[in-house]
Amino acid sequence: MTTTGERPVTPVGEEPVTAPGGEMYTLVERLYPLCRSITGDGVRATLEIVDEYVPLQVHEVPTGTRVLDWTVPQEWNIRDAYIADSTGERVVDFAASSLHVLGYSVPVSATMPLAELRPHLHTLPEHPSWVPYRTSYYKPDWGFCLAQETLDALPDGEYEVRIDSTLADGHLTYAEHVVPGQVPDEVVVSCHVCHPSLANDNLAGIAVATFLARALARETPYHTYRFLFAPGTIGAITWLARNQERIGNVKHGLVLACAGDRGHLTYKKSRRGDAEIDRVLRHVLASSERPHEIKEFAPYGYDERQFCSPGFNLGVGSLTRTPYAGYPEYHTSADDLDFVSPEAMADTLAVCREAFAVLDRNRRYVNLSPYGEPQLGRRGLYDAIGGRSDAKQAQMAMLWVLSLSDGEHGLLDVAERSGLSFDTVAAAADALAAAGLVKA
Amino acid sequence: MTTTGERPVTPVGEEPVTAPGGEMYTLVERLYPLCRSITGDGVRATLEIVDEYVPLQVHEVPTGTRVLDWTVPQEWNIRDAYIADSTGERVVDFAASSLHVLGYSVPVSATMPLAELRPHLHTLPEHPSWVPYRTSYYKPDWGFCLAQETLDALPDGEYEVRIDSTLADGHLTYAEHVVPGQVPDEVVVSCHVCHPSLANDNLAGIAVATFLARALARETPYHTYRFLFAPGTIGAITWLARNQERIGNVKHGLVLACAGDRGHLTYKKSRRGDAEIDRVLRHVLASSERPHEIKEFAPYGYDERQFCSPGFNLGVGSLTRTPYAGYPEYHTSADDLDFVSPEAMADTLAVCREAFAVLDRNRRYVNLSPYGEPQLGRRGLYDAIGGRSDAKQAQMAMLWVLSLSDGEHGLLDVAERSGLSFDTVAAAADALAAAGLVKA
Amino acid sequence: MTTTGERPVTPVGEEPVTAPGGEMYTLVERLYPLCRSITGDGVRATLEIVDEYVPLQVHEVPTGTRVLDWTVPQEWNIRDAYIADSTGERVVDFAASSLHVLGYSVPVSATMPLAELRPHLHTLPEHPSWVPYRTSYYKPDWGFCLAQETLDALPDGEYEVRIDSTLADGHLTYAEHVVPGQVPDEVVVSCHVCHPSLANDNLAGIAVATFLARALARETPYHTYRFLFAPGTIGAITWLARNQERIGNVKHGLVLACAGDRGHLTYKKSRRGDAEIDRVLRHVLASSERPHEIKEFAPYGYDERQFCSPGFNLGVGSLTRTPYAGYPEYHTSADDLDFVSPEAMADTLAVCREAFAVLDRNRRYVNLSPYGEPQLGRRGLYDAIGGRSDAKQAQMAMLWVLSLSDGEHGLLDVAERSGLSFDTVAAAADALAAAGLVKA
């Protein structure tokens, strides 16, 4: 773990990434108890743990810094918070769950009757045993979140209310991990790190991003991959504000969230709607025959909102399982460790890897012998593939690559037009390039 | 009512437009008995009545005037026409219905046996009790239209035939009413005034146009609205010929016809097919959840034929209920006062008003804070709308307007992409504009 | 029949083309026994017979000539080939069917046990009574093709094997027939002539091309039609190589193959996908109400592969009945004279003629009176057509032609937009052109 200005030096682990589902689940378990918010030590502790898996460059941005249309807020930290009844028993206790306190609560220390306390209590009447997740980042307030059934059981009377928090000038913290590629063109992979004890939204996304970075770091991918671990909205805005000169390098991006529930995968397109990342995810999901959904862009959800704002308009989509606000457990205590599964996270990770493999190989070739078909047999290109069980497909793939390599079509176009798998098409392009018949 | 060269001075009525269906029906009843044609006093009498509702500027164009590829014909007027049997009884009588005489019949005064008369008699054998509507504008002829059952009842014998008409140099008459807008860009609303006693085709269209003009005149709309009351084909051609220097100002248009029958609404697109008026009507009809039909352009129907001729190619569509020639009563005596209803006319009027409200507000905005989302909360834009029951939709609408306000998309695009109502989107744009976040 | 450099002088027959299905079938019968390959006397004999129907210009291209990425191979000729058993009886005999020898077999004269012979024997186990068609053009080899049941009946023992062929420097032979048109813009119609005794693939294509040429030669079509009778792949490549300066004139093309089986027609689009020939065939097939299929381009099949290679990218589609490799009899002895029918060939021919009639008349007109509708009645254009039973359609067609004749739309666009038949639209354009209202 390094801080701004230094480059990561920790060597990337050499061990094979086995059973990533289990490892990701372990990471989620470790992160679960921490009380994250858009600033503060919970974020730092989270990044320290992630740094054990992939080396992070951590950035600390002072309160008050102007970032685009926003200003970095004061830093919030909390040590303890509870409501105690007249016997001194804690009926609501932050130590039991970080969800119990309204995020960014100002400090309070008072005794008051239940009636006076009620406006500060947040429940979910429709799910009486669940604790909701609530925040008040930009309007000073304090409050507690609790189960409706807990509230219903509270007798009238005086309660001691205490929130031992501080809201003071400090920093906003975010981190990056860069996997250098063969070209400076970047793919940004972003996940938010500002939610407290919620497993699917956001810990599964953090875990998948972490293991995706670790997998890519074992090779030299074509693109440079930049992983961003930042608080939602203000974190992405801060990164964008501080990297405006770099934005031109960002060719593609993916926001990861809700990556661990048992629902099927959902890809939400970039604002452009036909960005290369959109086409890659559509192709990978369709050809994988996984149940999935492709959604049009909407200016709501996660940090694709910022990356796709019209001034930037980056080709950044969002991959989730069940999407934003699409499940009852969303932003409640029921989004817990049981709500996510190792298998689901492994599946999300696998699709990301497939998608980036396609993205990295999706180049446009030019047929160097475009008048009539070149004589493949003379060059051993039928033989070269004759022994393979998919010889016929490989031959068709060569003809398709030759046909469409006019500088206008990439290999993904070839795969889509031909109905062949991207791998078959890419292998054909490699064989043709080796024979000097096409050039990237 | 003014004539060419003068501007209307009659003040627009101050009374509220209530129950317009009933008022429009009364107007149709008043106009029904008049014998209109493409020229003559019937048109003038019609325009005099309309002028009681909205002040008209009447134009008189002399016979022989060259108008585009056409020439203004002689003026036709008729005082009486009948067929009388040997006892002197009128068996067909123009006084009973203006439909009984072939439009533009030359004068005739003769006695002849039925056999000689027959070629001049027009009937509808498939509807024996209906009288057809027939004309012969450009080939000198005379004739009578009658019910097949009337014809069947005529005994052989001598008949007195008399048409007291004149066909002589005179004028073609049409009228305009202009509602000045905030900008000189014009919307032309056109209806034909050349059909005699036919209620749906054309009186309902005249009535809806009249009340639409009256409603718009109570406000200062964004566009300038030009209402055109003119005989079909030759009237539109005459207007186009005399206003060629103004055509560049005509940005949109709507031809109104068959506006009062009980069928559902039908919008026929302009020749362009994707003109703004086409998109507006499609959106308003779809979001109104009225049963309706959208038809592609065809070079047949009403005066959209002239406005959409390839040299002009204006964005002019046509709104009808049951379209041109789409009902058996079309161009027969069965298109009478029972065939139209106040409710249908009120519904047609309502859709026109909704459509023009959208057209007038459909502007392109530019997001002045396009890098990342602007902080709406700081500007009170969440609060501003917090008290409304549709607060969530209003907030989404602001995000959509910000996202798509790149100079390429208008508010109608935003409504269609977001699935939100145009009103919600336009209100969001107003709020954002007031906050200085977008600019039209 | 002329050879390179001379122009055909044989006058085109004057007799009416009657019952072309029967005549085409007779041509197929005559060509069936010949042993064609990509070079050699079988091709020459084939062209001599075709020349009896339409005069051909025959081209002889020497072995070793470089043609695009390829080289003209040695010429192959065969006089006899057989496998004889120990009694001297021919158990497989080229004299019985040209399919029995592997195409381009090198000469062999030997005696060997069945076990040694087996690797040179090709059968179709799934169709034990059929003889497959196999070749080895570019890898020196020899072999026999026979029915699986013939092979199964062969006792072990010694067999005399003899192939009396020659593979020597010579020529590749192809032929052209040009029907001069009113303009030098060319339509290339191509069929392959390299398959031995296979009736559907390729003789039916040769027959349809021949009779199509004969039909066109009776008139002076708008386009110049160039018929190409050439061996597959290497023949098309040779023609392209030798005519590169002419390619700019080739505006459209059609590859004919599998033209005689009883399946429905299949049109495979050019690589462009929206070439005029693609739209013409789609329209003609759709409006003919024949069952048919339209397929997207794929870089596999017949010589459209060469014409559509990305360097040329010509607007050349392919018309077949059941397409390439789409029937079990494909490339087997079951593709025999019973597999094709006179009716199917006549149907293929009829569609080609309809398509070329549309292609020849599909011009863009400009409305010379584009402001408003011109007054058709004054010019007798209603009268001119009044007597026809399709008067209403003819009138609509005139309005459509006037509406769309803006230089952007051709008559095929008019037919498709209007839903009228191409003939009706073209007749309307002729009438309007005669009246000076439109100009091509």
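Observations
Labels A, B and C are assigned to the chains in the order they are written; within every chain, residues are numbered from 1.
One rule holds for everything that comes next: a residue touches a chain if its C-beta (ideal position, glycine included) is under 8 Å from a C-beta of that chain, and two chains touch if they have at least 3 such contacts.
Quick caveat, the model's predicted, so the values are computed rather than measured.
Look at the contact of chain A with chain B and you find different residues on each copy: under half of the numbers used there are shared. When the CA atoms of chain A are superposed on those of chain C, the rotation angle is 120 degrees to the nearest 5. Chain centres here are Cα means. That of chain A falls 56 Å from that of chain B. With touch defined as above, chain A holds no residue shared between interfaces to two or more other chains.
Partner chain C is touched in their complex by these residues of chain B: 68-70, 138-139, 233, 236-237, 240-241, 244, 271, 296, 298-300, 305-306, 308-313. Of all residues in chain B, those touching chain A in their complex are 367, 369-375, 377-378, 396, 399-400, 402-406, 417-418.
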